[in-house]
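Contents: one structure, followed by commentary.
In this document, chain identifiers A, B and C correspond to the written order of the chains, with residue numbering beginning at 1 in each.
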Amino acid sequence: MKETPLSNCERDFLLKAIEEKKRLDGRQTYDYRTIKVTFGTDYGCCFVDLGKTRVMAQVSCEIVAPKESRPNEGIVFFNIELSPMASPTFEQGRQSELSVKLNRQLERCLRNSKCIDTESLCVVSGEKVWQIRVDVHVLNHDGNLMDASSIAAITALCHFRRPDVSTQGDEITVYSPEERDPIPLSVYHMPICVSFSFFQQGTYLLVDPCEREERVMDGLLMIAMNKHREICSIQSSGGIMLLKEQVMRCSKIASVKVSEITELVGKALENDRKARKAGEKCGFAESLPQERITALKTDKTPVEAMDVTEKVDDIIQKAEVPPLSVPSPSLPVPGVGQVGQNTWGLDEEEEEEEEGEEDRDSSGEEEEKGTKTQKEKDKDEVVELSDSEEEEVVILHPDT
Amino acid sequence: MEACSISNLKLREFGCEQSLLSRPDGSASFIQGDTSVCAGVYGPAEVKVSKEIYDRATLEVLIQPKVGLAGVRERSQEQCVRETCEASLLLSLHPRSSLTLVLQVIHDDGSLLSCFLNAACMALMDAGLPMSCLFCGVTCAISADGQIVTDPTAAQEKESRALMTFAIDSTERNILMSSTKGSFSVHELQQCIVVSQKASEKMFQFYRDSVKRRYSKYL
Amino acid sequence: MFSALQDRVGQILLPGDEFCSDTDDTISLSEPVKSEKLVCGPGLRRSGARLLVCKSGVLRHKPPNVFWIDCQQRRYVPARGETVIGIVTAKSGDVFKVDVGGSEQASLSYLAFEGATKRNRPNVQVGDLLFAQFIVANKDMEPELACIDSSGRASGMGVFGGGGLLFRVSLGLVRRLLAPNSDVRSDLEQLFPCELVVGLNGRVWVKAASIQQTLIVANLLQSSDAMTATQRRQLFAKVQQGAL
């Protein structure tokens, strides 16, 4: 599906507004949209809402053979899935330029910064290690997918618990969560990506661009940083020339933003931990906003099964047992057994629908035809759909 | 004749939110107990020439699993949902256009297919697509000791001897689609159908209540 | 059927609800019986003797006999005679291709402008905004737009959009804005002067004295979609006092 084209008028207005330091949703230049972090019922499931942008991350694990070059390190795998739900332009199963770019950036931000202790994921050196898989699903695209994805991925990794394992000789036992408490991953630090978009050849700069701002921007700078102000990755795209001062300024802004976001994520994780400890219900079902009119929830409801048995007996009794008609086997040539008529033969007569049932006597066939015509008649009578939106229904009463 | 005992039938708590995403033309998330699904609909929109049908809209249903890529299981579920939607939507009103329904698994704790169906129906309704009737999904499990369980959890599904999901329409309470697993007698099947039809009443009442709530500011 | 429909005006209806023509009416011998005539708008369909609801929403009635379902849809479906805001996407030969948000791009002849002739072509660029009217719109044909009315006058239609902002709202809000004596519009009028172009395809274009004011109007309209009249008035009053 094609994207709605951006009109010249929108482009001009956006650029003019940016010159005046105004943004579409009333934010200031360096403001993020509201960030909301929620968790699913599973460990390692995290939703991030960044304004209207919404992503979901799910972490999963399995035991695999390690890479030959690194026999005692676990494997971390990232995948950002641009679901067709997020935007009409995203297609399923096709690697678009955007998805390659996002995946690459997420890998650089989280894997290459060594924020996860991969050595602790080793079960048997050279033979078995944990593979941690992070799936990020984009559910709604309203710009700045990278920041939302990076927050979701790192939060999900922090939230995740893998099953405990023990090795005794050659035997490896994986314990279910009931047997032994699952173990969290050891996360050294939390890199978070902050995006800056540039307009008018780098004259103007905005933090956290929304979708329409992304469509008119000239260039993008993504800085991944942790709260210790260590830069984990930095990427500029779009082909704009930036001055050293601009990059420095961006990294300063990024450090402020990252510490704010890290604090938020920390609080969210803490809340969830408390809720789980207290045995409260947690997860997506609980995050359903009850105060909105678009949402409604009911409690457990019983289903009355008063007259079910009677009804069923009634139906069964009414339903006739279908006649068990098995055509008798025939022997067309010695050594070949055949049941029913072979329909692969050449057309000798006109094709009739039910060829297999020869056994039926002619009266039955007539009856069948009778009902068929009846059905056709019925078909003719029903539903009449004309193409006009407005329609007139005229009910005629007999004149007196 | 073999019959199941039916007593203490329950649906887990269920909930729904419509229009929660800004991009799709219609969206909904549906929750049954811990099972939850998010649905988004685009359409009627431009259709690819290769998929164009001259007298009706092309409906595409995509199911996104939570982990990894869609496989055979998702394909078969997609087909179940698509056929149900095709039966209830008036596709002939929008020829040569495309409708895309995307379903994202949020959490699977049993009765996933019925949750797909319910989320799909709410999203289609939110998109304002013309439908001849509504539909809902109900899952029934028959446990090893012959008890019918409606809206089973993942654990109950695992222990069950048979599992059936029905899509039921809102006008005649007829079966639009059925998907079954395991072995059961004809009598048990009929019992499950009647039970599902009973349960569907609750669902349709819920649909009505949530739409009423949604339009409460428009009256 | 008329009375059955009238009873449920203002109520929420769901797809699958239906009305049957009442056949049990006794034939009155004293007065002549008039044939009952109904006009069904969007969301209602005739199927044999029954009237089916096919969209969820509120049943509305306009005297004497027009009924329709008011629903909060976001995707536009072209209808003949409706005026929309389109974005020119291509010039091909003697037609422009215009995106109106429907399932297909609409075509617009370059002759369908006021005063346009073969020699004197209108100045339309790709990416321009157009306010135009559907002259052909049905499900089986490519929709066609025109920027002139039946008498050849522009009457407000044509290329526009210098300096304003285009944004999307729900189709329901657009219809409320365009309704005669619209309360949203009158609330807005009291705020500050602005130019407003409203297309029935859910696109609204605003231009006020400054960029700030334009943004305020746009955000107010977008948020008033999900508000009751009192909530909206409170918000508008706040804005007037200078909260934004």
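The working rule: a residue touches a chain if its C-beta (ideal position, glycine included) is under 8 Å from a C-beta of that chain, and two chains touch if they have at least 3 such contacts.
Just so we're on the same page, UniProt names per chain: A = Exosome complex component RRP45; B = Exosome complex component RRP46; C = Exosome complex component RRP40.
Here the structure is a predicted model, which means the values were calculated and not measured.
Asks: Specify the chain most distant from chain B by Cα centroid.
Replies: C
Asks: Which pairing of chains gives the most C-beta pairs in contact?
Replies: Top of the contact-pair ranking: A-B.
Asks: If you average the CA atoms of chain A and of chain B, how many Å lie between those two points?
Replies: The separation of the two C-alpha centroids amounts to 17 Å.
Asks: Whole-Å distance, chain A centre to chain C centre, using C-alpha means?
Replies: Centre-to-centre distance between chain A and chain C: 33 Å.
Asks: Any chance you could list the residues of chain B touching two or more other chains?
Replies: In chain B, 19, 42, 45-46, 90, 93, 98, 214, 217 touch at least two other chains.
Asks: On chain C, where are the residues touching two or more other chains?
Replies: 45, 139-140, 226
Asks: Touching at least two other chains at once: which residues of chain A meet that condition?
Replies: 293, 385
Asks: Using the touch rule from the top, collect the residues of chain C that touch chain B in their complex.
Replies: For this pair, the touching residues of chain C are 10, 12, 14-16, 18, 43, 45, 52, 54-58, 70-75, 77, 102-105, 139-140, 172, 226-228.
Asks: Going by the contact rule at the top, pick out the chain B residues touching chain A in the complex.
Replies: 1, 3, 6-24, 27, 29, 31, 33-34, 36, 38-40, 42, 45-46, 62, 64, 66-70, 90, 92-93, 98, 100, 102, 104, 106-107, 109, 150, 186-187, 190-191, 194-195, 198-199, 202, 206, 209-210, 213-214, 216-217
Asks: Which positions of chain C touch chain A when the two form their complex?
Replies: By the definition above, chain C touches chain A via 1, 21, 25, 27-29, 32-42, 44-48, 51, 79, 87, 89, 99, 101, 125, 127-129, 138-140, 161-166, 205, 211-212, 214-215, 218-219, 226, 244.
Asks: What does chain A use to touch chain C in their complex?
Replies: Touch list, chain A to chain C: 4-13, 16-17, 20, 22, 24-26, 293, 381-385, 387-400.
Asks: Sort out for me which residues of chain A touch chain B in the complex.
Replies: 1-2, 40-42, 45, 52, 54, 56, 58, 60, 81, 83-88, 92-93, 133, 135, 137, 139-142, 283-285, 288-289, 292-305, 308-309, 311-312, 315-316, 385
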